[in-house]
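Shared chain: chain A. Partners: chain B in the first complex, chain C in the second.
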Partner chain A sequence: MPDEQLLSVRDLRISYRTGTGEADLVRAASFDVAPGEIVCLVGESGSGKTLTGRAILGLLHHNDRMRVSGSVVFGGRELTGLPDRSLRTVRGSQIAMIFQDPVAALDPVVRVGEQVAEAMARRGRRRGRSRVSGEIADLLRRVGITDPELRMRQFPHEISGGMCQRIGIAIALAGDPGLLVADEPTTALDVTIQAQVLDLIAELRRERGLSVLLITHDMGVAARMADRILVMYAGSIVEEAPAADFFVHAAHPYGLGLIRAVPRIDIDRPGRLSAIPGAVPEARNRPPGCAFHPRCPVRLDLCAEEEPAPLRLGGQLVACHRAADMLTGRLSLWDSEAPVG
Partner chain B sequence: MASDLLAATGLVRHYRLRRRWWRAEPPRIVRAVDGVNVRVPAGTTVGLVGESGCGKTTLGRLLLRLEQPTAGEITFAGQDWLAKRGEQLREARKDMQAIFQDPLGSLDPRATVAQVIGEALAAHGMEPAKSGRADKIAELLRSVGLGPDVARRYPNELSGGQRQRVTIARSIAVQPKFIVCDEAVSALDVSVQAQIINLLSDLQDALGISYLFISHNLATVRHLADTVAVMYLGKVVERAPAGELFAAPAHPYTVALLAAVPVPDPAAPRIEQNLSGDLHSATDLPSGCRFRLRCPRAAEICAQVEPPLEALSDGHVAACHFPHR
Partner chain C sequence: MTADSIGTRWLNRSALRTWRVPHGRVMVVLAGLFLLLVIGWAAFPGLFTGGNPTAVNPLATLRAPLQGYLLGTDQYGRSVYTELVYGARPALEVGLLSTLIGGVIGSAIGVVGGYLGGWVDMLVMRLIDILLALPGLFLALIFIAALPPTLENEILAIGISAVPGFARVMRGQALQVRSRLFVAAATVVGVRRRVILWRHVVPNCAAPAIVLGTLNIGTAIVIAASLNFLGLGPSAGVLSWGGLISSGQGYIDHDWWISTFPGLLVTLLVIAVSVLGDRLRDAMEPSSA
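Entry: the complex of A and B
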C-alpha cells in the first residue's frame, strides 16, 4: 500500500565527514506518513530527529562535509535530487515546517501581518491589499489569535511565545500544505500554552486532514498526539509502532526505558525513577553492533557484535535481538540504576 | 518554628521601570514577587512551580541574596539572613548553594573539573592539604556518580548530564544545608533527567540537605517535593503537602496546570480544562484576584476583593474565593 502514503522516506542517510573519517548522523531511516496521520518521532537529543525533519524539506545541502542520500517521495513525487527552484514550490505549499523557538523563527523587524502576507504571496496568492489583509485576519483567527487586526500590526517581540508559535503555524498553513513537520513546537512554551498549541494542531488535522510529523523528546506529548510512534536512537529508527501498542508494550528496551524514565504526574510513584544509565553516544563514537547495547540492561554478547535487523512483530517493527523476549517474557529493566562513569 | 531551616515572610521584589521624561504617568512597577512566605523545614524539599514570568526564579534569587528584596524578612539557620553583610555574608553563603538550568553556563570553560571543585573549596577555606586534594575531589565525584578520571577534563568534553553532576559536586563540596535548584533538570534529556533526580534525592537522604526545587515541570516536582507551592504573578496561590496538592488541588490555576501536563499514556483520562490566554503582565495587574481573567470560575467578587491565602486543611492553603474541595 505504498501509494496510499503521503510521504515515504526510504534509506535516508545523512553523514558528516570528520577529521578522522565519516560519521553517520542518520542511518538508513525508512518510514511513511499517511494522509491525515500524526506520526511522532521521539528520542533524546543527538539522535538525529531534527536532521531527519530537515532532510524531508530538502533543507540540508550537500557540501564537502555533509552527505545526504536516500529517497523522499511526497505525494508520488521524488523530492531528492530536485533543483532548489522546484523544491521551493514544494516547501510551504506541500510541506511546511514549524520550529522550536517561535520567536527566532520570525523576522524581528517585520510586522507579523506582513510576514503572513509574504507567505501567502509566495504561495501564489497575491491579491489586492485589502483582500489580503482580510484573509490574513481570517487565517490568524483560525489559529486562535484573538484581535487579529491589532496583532497584525505588531512585531514579534511585542507578542508572547505562544502567540508567536500560532503565527508560525499560520505562516506554515498559508500555502495549504498536506504535511506539517513540527520540530519540538511546544518545547519552549509553558505547559498551559503547550496544551493550547497541541489542541490547535490536533484540530487542524481533524478539519483539514493535515498530516503531521511531530518531532518531540516529550513522551507525554507523543502519547497525547500520536497515531504512530517512531523511536530514534543514534541515527537509527529502532522501533516503529502504533501509539496504542507502544505505550502499553514497547518492544525495544530503549523505547520502554524512555517511557519509564518520565516522572508521572498522574501516578503517585514514590522512590526512584528508572533512569537509563549513560548517555547517547556521539556519531563518531558509535558503539559496534547495536548502538544501544552499552546502556541496555538486557543485552546479550551478540548485541555488541551484530547490529539487529528490523523485525516485524504484530504491528511493531523493532530492531533488537531481544524484541521477541521483550514482548513475551517481560524482561525486567532497570530495577536499580547502574553506575555511570 | 524551630525545625525550619529557612523561613521567609512577606518577601517583596519590585522593579521600577525607567521613567521617561516625556511621559506624564508615574513610572511603572513590575511586581515580580509580591508578598510571599516560604518555609523550608530541615531535610525536606519544597517545590515551587508556575509558568514563566510568575516570579519563581526571582524568589530563588532573593533567598540566595543575589537580589535584595524590596521588603520582607528571611531567617536562615536561626539567623537574620538579610542582616548579613560583606565577609559575614560570604562565609554564611557556604550553607546555601545553587544549581541552575544550564550547567555549561555555570562552569568556567577554561577550568578543569578539579579546578572548578577546588575553587569552591578554596573560596570557603575548606581546601584540603595538597596531598589529600585529589582524593577529596575523587570522593566528591564518586558521590555524584562520576569516575575520578573526570577531574582532569574540561566542561566541553562532558555530556550535559555529566556537567550537571559536576555542578552538583561543586555545590555539595562545601557541605551546604540548603540548595536552590532552579530548573536544574529542565535542560536534560529525559533519561538523564531521571538520573539527576535520583541523585538529588540520594544526596538528600545521605547528607540531609534541604532543597528549594524550582521548576515549570509539575511531574518532576511531584517526584521530589515534600511540599509544593504554586506561584502566579508574584504570589503563592496554593501550597500543600505534595500528595495532597496533586490529589486534591484547590485553586483553579493549580487544577489547570495539572490538567495541562501531558501524560505518557494515551489511555489516561484527559481532563479538558485548558486555560485560555497567557500570563498577564506583572506591571498592571488586574483588580482583585490576579488570576480572574483566565479563571473559569471568576465571579463578581473576584474583581473586587483579592482572596487571601486561607487554610483548607492542615498545611493546605489556597488563595481563591471558590476553591475546589
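Entry: the complex of A and C
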C-alpha cells in the first residue's frame, strides 16, 4: 500500500560522530503518514523525535557531524540525498514545519508580515504589493489572528507567544503544503492557547486535508489529536498503533508507562501517579538487547540479550518480547505495585 | 557588626552607589561633547581659528602656550592650535573611511564565510588567521610602504589592516545567527539561502558590527598618527597630528608643547570614541553588557 501514503520513512538512521566513535540517535525508524492523517510521534525528551522531524525536511545534512541514511519518500519522490536546490521545491510547498519555540522561530528584526510574505514569495508568482498584503492578511485571519493589518506591521517581540505560533502556522501554510511537521507546537504555550492552536491544526486538517506529523511528549495532546501513534524510545519506534487501540491497550510497556504517567480525573486510579523510573539512556550508552529493559517492570532475561523485532499484533506493530502477554492482559505494570508511602 | 563594616556599608549605599551611575553618564556626555568639538573642527576649521595653519611667523617661533598663541607655536612660528584644528579633518576622514572600508570588506568575508561554511570558509579564515598574527599597525605599514604616499592610499592601507579583525568577529556572529531557529524556520518553507543571508543573517549581525566599527575609528586614528609619525602616509599638503608629533620630537626637552598637544589630542579622542563605543555596546547588545 505504500502508494497511498503521502510520506514514507524507511530505515531512517541518524548518527552523530563524536570523538570516540559514532552514536546512533535514531535507529532504523520506519513509518508512514497517509493523506489527511494526523500521526503523533510521542516519547520522552531525548528519544529522537525532533531529529526525526528535522531529518524529513533535510535540515540535518548541513551539520558535518550528523549522518542521515535511509529513505524518506514524499509523494513518490525520494528526498534523502537531494541537494538543497531540489529540496527547496519540496520545502514549504509540500512539507512545512512549525516549531516548539514560536518566538525564536521568527526573526526578531523583521516585521511579521514580511516574514509571511517571504514564505509566499518563494512560489515565484509576481503580484502587486497590495495584493500580496491582502493575501497575507487573509492568511493571518485564517489562522485566527485578529486585526491582521496591524499585526503585519509588528515585530515578533510585540506579540504574544500564542500569536507567534499562529504566525508560524501561517508561514507554514503559505506554500499550501500537503504535510505539516509540527515539532511540539504547543509545549511553550499556556494551556488555553494550547487548545486553540491544536483546534486550529485539527481544523486545517479537516478543511485542507492537511497531513500532520505531530511530535509531542504530551500524551494528552496525542490523545486529543492523533489518528495514529508512534512511540519512540531511545531512537527506535517501539510501538505503532491506531490511537483508539493505543490508548485502550498499549502493547509496549513503555507506551503503557507513558499513558499511566498522565494524571486522569475521569477514572478512579488508586495510589500514586506512576512514573517510569530512570531516564532515557544516552545514545552512546545504549543498553544491549531491548533499550528499555533496565526500566521495564516486566522484563525477562531475554530482553537484556536480544533486541526484539517489530511484531504485528492486530493493528499494532510492537517491538517487545512481551507484547503478546501485554495484549492478553496477563501482565500488570506499575499500578499493581503497592503505593509508595 | 563592627563600626568598620557599618562605615563600608554606608559608603556603598550612599556615596559610591550614587556616584557610580552618574559617573558613567558624565563620561559619556564629556566624550560626546569632545567628539562634537573635534567634528566641528573638521567641518568648519575657519570658525575655530582665525589663522592659516601653514602661515609661518619668523618672529614668533617656539612660543610657549598662552603667550599670544593658545597652545604655543612650533619651530616655524605656526600656531599649534591652528594646526591641530586643521588636522582634524584628515584624521577623522582616515578614521571613518578606513573603518568603512575595513568594516564592509571584513564583515562581508566573515558573514558570508560563517553562513556558508565549508571549504571556502576554512580557506578564507586560515588566511585571516595569518593576517591576525600581525598587529594592525604593522599590517598597515606593509601596505602603505607599497603604495604611493597619498591620503587615499593611507585610508586604504589602514582599512585593509582592519579587515581581519572584522572578519573574525563577524564570522563568529554569523555562525551564531545561522544556528538560530528562525534560520531553520525560513529554510523549511523554502526561502533561498541568498535571501536568508541578506534578510535574516546580515541584519542580525549588524549590532556588533556597528559597535566594532565605532571602536575601530579610534584605533584607525592612532594607526594613522603612528604612520605619519614614522614619516609614512601622505607626503605633502596634508596636515597630520602624527606628523606634528614627529616634528616636535627634536624640541621635546625644552619646547614640549609641539609634540605634547597633538599626542594628548589623539589620546583623548581615542578615549572618547571608546567610551561612546562601550555605551553603544551596552545599548545594542544587552546580552554582553
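Observations, loosely collected:
Just so we're on the same page, the second predicted complex is superposed on the first by the 320 of 341 C-alpha atoms of A that agree within 3 Å, B and C clash if a C-alpha of one lies under 4 Å from a C-alpha of the other, contacts with A are read in each partner's own complex, and residues count from 1 in each chain.
Assume a contact is a pair of C-beta atoms (placed from the backbone, for glycine too) under 8 Å apart; a residue touches a chain by one contact, two chains touch by 3 or more.
Because the structure is predicted, anything quoted here is derived from the model rather than measured.
By the touch criterion defined above, A:Gln194 reaches chain B but does not reach chain C.
Once the two complexes are overlaid on the shared chain, A:Ala309 sits clear of chain B and of chain C alike.
Shared-chain residue A:Glu118: touches chain C; no touch with chain B.
Contacts of A:Ile259 after superposition: chain B is touched, whereas chain C is not reached. In the superposition on chain A, contact is made by A:Leu57 with chain C only, not with chain B.
Touch criterion met: A:Ala105 reaches chain C, while chain B stays clear of it. In the superposed model, A:Ala279 lies in contact with chain B only, and not with chain C. The contact surfaces that chain B and chain C form on chain A in the two complexes do not overlap at any residue.
Put simply, chain A touches chain B in their complex at residues 44-45, 160, 162-163, 190-196, 198-199, 217-224, 226, 243-244, 247-248, 257-259, 261-266, 268-269, 272-277, 279-280, 337, 339-341.
Put simply, chain A touches chain C in their complex at residues 54, 57, 59, 62, 84, 88-93, 95-97, 99, 101, 104-110, 114-115, 118-119, 122, 168, 171-172, 174-175, 181. Residue ranges on chain B touching chain A, taken from their complex, read 51-52, 145-147, 159-162, 189-195, 197-198, 201, 216-220, 222-223, 243, 246-247, 256-268, 270, 274-276, 278-279. Interface of chain C with chain A (complex): residues 117, 180-182, 184-193, 195, 199-200, 203-204.
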